[in-house]
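Data block below; observations after.
Chain nomenclature is as follows: A, B, C, D and E, assigned in order of appearance, with residue numbering initiated at 1 for each chain independently.
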Amino acid sequence: MLPEPAPLVATLLGATPPMNAELLTALGFYALAGLALAGALGLIIASDVFHDALFLVLTLGSVAGIFVILGADFLAVVQVLIYVGAIMILILFGIMLTPQLGNLPNTGGPGQIAAGVIAAVAVLGTILAVITTATWPRASAAPIDLPAGTTSLLGTSLFNSFALPFEVASVLLLIAMIGALVIAREP
Amino acid sequence: MAAQAWIIAALPLLAFLIIAAGARRSPLLSAWLTILAIGAAALVSLIVFGQVTGGTRVEQSYTWLPLGTGQPFLVGFQVDSLTATMLVVVSSVSLLVQIYSLGYMAGDPGFARYFAFMALFTFSMLGLVLANNLLALYIFWELVGLCSYLLIGHWHERPSAAAAAKKAFIVTRFGDFGFLAGILFLYWHANTLQISELAQKVAAGQIPESALTVGMLLIFCGAAGKSAQFPLHAWLPDAMEGPTPVSALIHAATMVAAGVYLMARTFPLLEHAPVAMGVVASIGGFTAIFAATMGLVSTDIKRVLAYSTMSQLGYMMMAIGLGAMAAGMFHLVNHAFFKAMLFLCAGSVIHLVDTNEMPEMGGLGKERPLTFLAMTVGALSLAGIVPLSGFWSKDEILGAAVGSPILFGAALLTVFLTAAYMFRVIYLTFAGPHRGQVHDHGEPTSMALPLVVLLVPTVASGLIGIPALGSPIAAFLEPGGAPAAFNPVVAAISLLVALAGIGTATVLYSGGKMDRSHALQTSLAPIHTLLVNRYYVDHVYNWIAGGVVLGIAWMADNFDKYVIDGMVNGVGELAVGTGGWLRRAQTGQVQAYAWTLLIGVVALAALALLPLGLR
Amino acid sequence: MPIYPIALQHGLILGAALFSLGLAGALIKRNAIAILMAIELMLNGVNVTFVSFAQHMPGAPGQPPELTGQVFAIFVITVAAAEAAVGLAIVLASYRLRHTVQIDASSSLRG
Amino acid sequence: MNTALNLAIWLPLAGAVLIALLPSAERLARWIALVASGLVLGLAVGLALSFDRQAPAAQPQFITHLDWIRQLGASYFVGLDGLSLPLFVLNALLVFLAVLVSWKTQQRTRAYFALLLVVETAVAGVFSSWDLFLFFLFWELELAPMYLLIGIWGGERREYAAMKFILYTVGGSAFMLVGILLLYFNSPVKTFDMVAMGSQPYVGSLAGLIWLLVFVGFAVKVPIFPLHTWLPDAHTEAPTAISVLLAGILLKMGGYALLRVNFGLLPGATRQFATLLAVLAVVNIVYGALVAMRQSDLKRLIANSSISHMGYVILGASAAVAGGAAGAMAMQGAIFQMFSHGIITGLLFVMVGLVYDRAHTRQISALGGLAARMPFVAVGFVMAALASLGLPGMAGFAAEFLVFAGTFPVYGVATILAIGTIVLTAGYMLWLVERVFFGPQRPEWARLPDASRLEALTVAAFLIVIIGVGVYPRILGDILAPTAATLAARLAS
Amino acid sequence: MDLRLLGPEVALAVAASVIILADAFIPGGLSRRAMLSVAALGIAISAWAAISLGGSSASGFNGTIRADAFSLFFELLLLAGTLLVLLAAATLLEASPRYRAESVGLVLLATAALMLLASATELITIYLALETSSLSTAFLSAWNKKDLRSNEAGLKYFVLSAIASAVLLYGIALLYGLTGQTHLEGIRQLLEVPSKAPVLLAAAMLLAGFGFKISAVPFQMWTPDVYEGAPTPITAYLSVASKAAGFAVLVRVLQTTLPDTQIDWPLLVAIVAALTMTVGNLVAMAQSNIKRMLAYSSIAQAGYVLIGVAASRQGTGPVLFYLLGYTATNLGAFIAVIEIARRIGSEQMADFAGLYRRAPGLAFALAISLLSLAGLPPLVGFFGKLFLFWAAIQANLGWLVLIGVLNSAASLFYYAQVIHTMYLLPGEGEVSPEAPNLSTGSLVVAVGGIFALGIFSAPLLGLAITAAESLP
């Protein structure tokens, strides 16, 4: 589970092998992952819902970066556009429309926190126990070679193999729209 | 006629059915229906008796209950000497008692019911003696018990009568429990319930003696219950709560004698089971003396007669147990007549004074000379004074007992006691001045007539036992059996002992005075107390029934209520309680719900993964 | 596992971590909108997982990779948007009724 | 396809539907019920008379066999044999009499009679089904109407009693269902056809488990100690006619099913458990009698006596495994006892009902001396009590005698205990009669009327059957004997 | 092309659009009658379209949906259920004119999503259909905007469904990672299992996601609250349509993707089934609100169905039959409750006292429904349970059947208590009789179904088994 220390130290000291693209990518990944996790942690800890939103933006942005590293450039754009551009705006509106009276606690009591942490640790532990030990028979050892842009590949997939889900997604959005209109409107 | 002997039983049944169906609305019609039917039955009985003395024998069987495998259960009737004798005795005594009842029960609100049940009883009793197999016999055996129950409880508004009726039924049922077991026991050893077949198999040695002994002892339980033999005797004195004619017919002449009859009927089996015979004889002998002692102290005239009946039945049992079946039956017949008469006399007296208590009687010979006469003759016969009937049969029994010193002694002592308590009754009732109120309504002819008629056999029926005639009874009842030997020495001794008894009674009670007996009572106080309390047997029974049985029942009932039902309700409460507890887990907090969901996933996954050992 | 080059597991672990953190947030936060954000976090965790897998799924021989994982992620983002809309609408309605967005205010139904 | 039998099964249901469809026919309802149940009684008697007593006993008569749920191998298969015919007739008779008994019901008449008729169809179905699945269906069908009959028209604690009744029974049938399904899938003949299942019984390793599972279901119904405590409550709280049906036929469903399913289809396991059965039977007999002895409530006493009397059925059945003459006799006794207990206890409950209708109390201590005012009721009650304690000449004796006779060589001690309990029975029955009817008349009961003409007629009908069967048991014996012998022989082999 | 396969769903979507648009553009709005007519017409066309596909087992849209008999069965079931719910809600719709077009439209769209869920054979489609239906029902639960309880129901349903579907999604991701596939059949072909752990984890997560839909313990926590708070017709809809579709997708995914020979998912399902039955029944005993009681009851019912699911292939036919009967039965119960509550103004069981006199028809309908839920013959609930148990015994799940039958017996306790209250207790006040309307009409259909489905259980079970066997 722990990274083996020797290569890391060696690399950092520039001994063997020379700093290459792979290492840079890795470092970028770790940096972004750290940011993403920090944002997530911040979201949990922050006591102000507005700060929550900002931490979330940090995470979402970092994840977009990670998407790039993982060869999903189009997805990164979508992530930034929809999440940061649409969802976060929506959420900020939501926050502003619901001013709270007084200073209410943003997190539950110690019991709830403990329970939440236990559940999260349990879930994480289970998942990690599985994914780190599993072998993935279909997965290639190395990242696959991807063309410079994945957009056309995705487009083909989306409108060919997954045309039906695409249509369903549109209905989903329609429903969300109608429903939100009805429910959120002043009575 | 003998081939249609079932008619004898059917006639009273018919009367019962007609009364039940509607004739009960007219009491007098009911009574006469009964009398007519029983009269006709008595007539037919006599005819049949005549044919049987001529050698006719009949046996017929019908399927009662078919079985899937093997022979069906049969019922049927037979006519032989024993049956014929009993038919005559039962039907004639019953007829006389019915006639007597016309007067005795006059004005009773349950008049019609009384006669209906009397008819039913006569039917059952006749059926009992006609039965040719143990099953049929048992059926009628229970029916006479039922009639006894119904008639003892005739005045059901009297709590004592209701209790006595119940007691009679339950105690005899206790004996019947053994009877039924005995029947089954014999059935599975002999594969038949036909008495004649059983007798054949026994004679052929096909049934091991041990089995026969057990079977006969069990059957004797039934006989002991019915015939009030120790220790199942406790019901008979109480049964005197019934109307006196009922006591005369059922509890003196016929039903109680059914036990003796049963042993006589199964005598061909019994005689091959010496141990059983010994038991029968011992119980009989013991009961004879045991009951007689209690008769000495009772102040209730009917109870004295009841103890006397028990005692005499013991006598008969002893005779049969000693192998003198014919003698026992001879005594049964004689006893039936004179004891019925004695009871009817007692009824007549009670009618006069409206009480059973002898201390409140006295001097009644003036009002009822006929009764006085009849009762005296009956008492003499019972005491065994020559030449009355009791003398002859009692003598045969004593003769049979000679070989067994203890039983012989007991029998002799009983003779003494019998004579003593009977003359105590005679003195207390008829001699001296009136001690209580007398309400003389006059004695109707219907009550007087039976007494007169019964005097005849009381005097004469024993004469058939005169040694000069050979022993026709034994020849008739037990062809091939040993003829009864008349033993003049024994006869003389017993006569002397009886006279001694009479003398003792005279000393104590002559002139209807009670002061001398009181003095004796005081000097023998512990014994008197013991006797008055009937040896405390009833106390023991009450303790068993009310203490032990009801105590166990109490435990069972509470076990049912608290343990079993407690567990049942506990399960229910547990379920509802668990539901309520789970319900509280539904806190309304959505995050708690989410927590449950996630923990559920982890748990499920863990459940699935753990068997893999988490490589 | 070497720390570089980044392998499949790296992405998976990050995904799992994000998922679990989001989950913890959803369980701990009181503000309904914050919970909404935490759920978005969970979905992002899954998306990272999907994308990581997609990066290691070659296509059929001679065919370009299908990138199903990335397609899935696009749909997930769409759903996330819809969820945000729905969630905010309901939270707004709730706010109108209760004048608070604290989730524990909505706990009258229980038992 | 036998029209008469099918008609006898379904006619009551049709009557019930008719009552339900006539919205304002409160008074008509009882007439419909009377006619329907009367017709069924006629049909049942007709079937009994035309029953071929010489035919081989392994096959039912009057059969109808139609395809039904083929995926399950279930069919509509009805017919009667020597075991079911008497009970079928008993059902028809008791329901008819129950209609008469409840003639004066005022409350919600339509619903009452409709439910009564549904019960009749259900029970008739149970007794005539030769398909195990169909059997189970009918078995369950009886529950809801019975629950309502107790719950709506019952006494003070009716709710508790009704709930207890239904939970007990449903709990029991839960086990039974599992057993039936296990049997189906394990038996060599994949069918619910009981003739086929019986001719090639399952003897595998699960037989014992299956036997126990079904047994629990039936034991609740019989009821067998310690699953009996629903009975006193239900019988006590139910209205008179329903007590009659409960004691008269519903308990018989348990005994019948035990013989039909456990004994008929799992003879091997039955042999294993025979001794257990005998022990339970004796416990039932003695324990029921002891508990009855302590009851202060008239109806509760009778109810507990039922527990005791049903023990004889189980005792006889348990001895049937011995086969041979004794086994056949015991089995015949067991079946006979079901019939006679049905009719006798039915009468007892009718009599209790008559007393209760007049005095409005069932406390024995509050009653007393009733015979003076109600001679007919008293006579009827005494007759019923005598029949119940096994007096010869009445139906109970023939049955008990067979049971004792058959059991004696197989389980001697058990038989002795059972015979001994007769004394206890006599004790509590006669004590009851003494306390209720005898003794001095009490002022508070000085104005009670005797039985009406209709009531007298009903009681007379019961008595005629009780005495008729008691005096001439061949009426039933001819029908029972071959079936009993076949069953016992199959058990022993 | 493949569009024909989507005909049933499209018909509903069109009907929904017509209703919403017409209501928006016609001055004064669309009348209730017209609205329901259009909805009914849409349902009819949808049904016709489904039937005309005839369970051809044709796949379409690159294998994302499959028109087999299994999906046909569920499509018809969902359509019938939806129609009955709409009819039952007719009277309530009359009372609340605002946004009623949108509510009817959303119900139709949700049904379309559920139908898609039942026929989808690809995980992305399944996920989207699931989300679509969940979000619609979240809205519908919160529809009574001024009602705190309705809003709370919507909020709870939304939050929990979002979390549950995130978990489901993670499970899907694992399956994708193992096979590189999202098509169910593709997954099964590629599921070589060198290490079973990810598959089992995925199975548990899928179970959670779908288990949420069908209210399986421990994913059932939302059920009572939402059932109680949501408008009753929506509760009915949730308990019937949503649950049925949940079972459809659960059965299809488990059976198509996970070979039970290698992965012991039946055991997982069996454990969940046992928990579900027991918890549902136990807590139901302690309820006083009829809707809440029915919520727990429907949890318990889900447990019974899961017995059939655990019985794998053999159990599928009985599962379908049970769902059919359950739809009729539970609708009967809920429609009766809707009408009763509307007339006496209470959902408290205690207020149902003496209902047999005040509203005999409704009391009878509710009683019959409850007895069917309890599983008494000759009602369909009896046969449904019987077939389930029958299958489970065959699958060597005797212990589970025993738990099932005991639960079934215990459940009678609380069902009978309602009947007891209605029939055995005296009640105050009168209920003015009403002329038969659409609601009572749908009630008659449902109760008639309870009897008819029971009596004709034999042929219907045959149909259900045929449908089950059409699963690849």
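Descriptive notes on the structure:
FYI, contacts are C-beta pairs under 8 Å (C-beta built on N, C-alpha and C of every residue); 3 or more make two chains touch, one makes a residue touch a chain.
The model shown is predicted, which means the values in this text are computed figures rather than measured ones.
Touching subunit C and subunit D at once are the following chains: B, E.
Fewest steps needed to get from subunit A to subunit B, stepping only to touching chains, is 1. On a Cα centroid basis, the chain most remote from subunit E in this structure is B. For subunit A, the chain with the farthest CA centroid is B.
More C-beta pairs touch across the A-C interface than across any other pair of chains. Chain D has the Cα centre that lies closest to the mean of all protein Cα atoms in view. Rounded to whole angstrom units, the spacing between the C-alpha centres of subunit A and subunit C is 7. Note on chain placement: the centre of subunit A and the centre of subunit E lie 34 Å apart, centres being C-alpha means.
We define each chain's centre as the mean of its Cα atoms; on that basis subunit A and subunit D are separated by 72 Å. One finds 36 Å separating the Cα centroids of subunit B and subunit D. The set of subunit A residues that touch two or more partner chains comprises 108, 112, 115-116, 119, 123, 126-127, 129-131, 133, 136, 138-139, 161-162, 165, 169, 172, 175-176, 179, 183, 187.
Residue positions 167 of subunit D each touch two or more of the other chains. Residues of subunit C in contact with two or more other chains: 12, 19, 22-23, 26-28, 35, 53, 57, 66, 68, 71, 75, 79, 82-83, 86, 89-91, 93, 96, 103-104, 106-111.
Applying the touch definition to every pair of chains gives A-B, A-C, A-E, B-C, B-D, B-E, C-E, D-E.
Residues 23, 26-28, 35, 103-104, 106-111 of subunit C are the ones touching subunit B in the complex.
Residues of subunit B touching subunit A in their complex: 591, 595, 598-599, 601-602, 605-606, 609, 614-615.
By the touch rule above, subunit D contacts subunit E in their complex via residues 68-72, 137-138, 140-141, 143-144, 147-148, 151-152, 158-159, 162-163, 166-167, 170-171, 173-175, 177-178, 181-182, 184-185. Within the complex, the subunit E residues that touch subunit C are 124, 127-128, 131, 135, 138-139, 142, 145-146, 148-149, 151-156, 158-159, 162-163, 166, 169-170, 172-173, 176-177, 180-182, 224-226, 228-229, 286-287, 292.
Chain contact summary for the complex, subunit A toward subunit C: residues 1, 3-4, 7-8, 11, 22-23, 25-26, 29-30, 33, 36-37, 40-41, 43-44, 49, 52-53, 56, 59-60, 63, 66-67, 69-72, 74-75, 78-79, 82-83, 86-87, 90-91, 93-95, 97-98, 100-101, 104-108, 112-113, 115-117, 119-121, 123-124, 127-128, 131-132, 136, 138-144, 146-147, 150, 153-154, 157-158, 161-162, 165, 169, 172-173, 175-177, 179-181, 183-184, 186-187.
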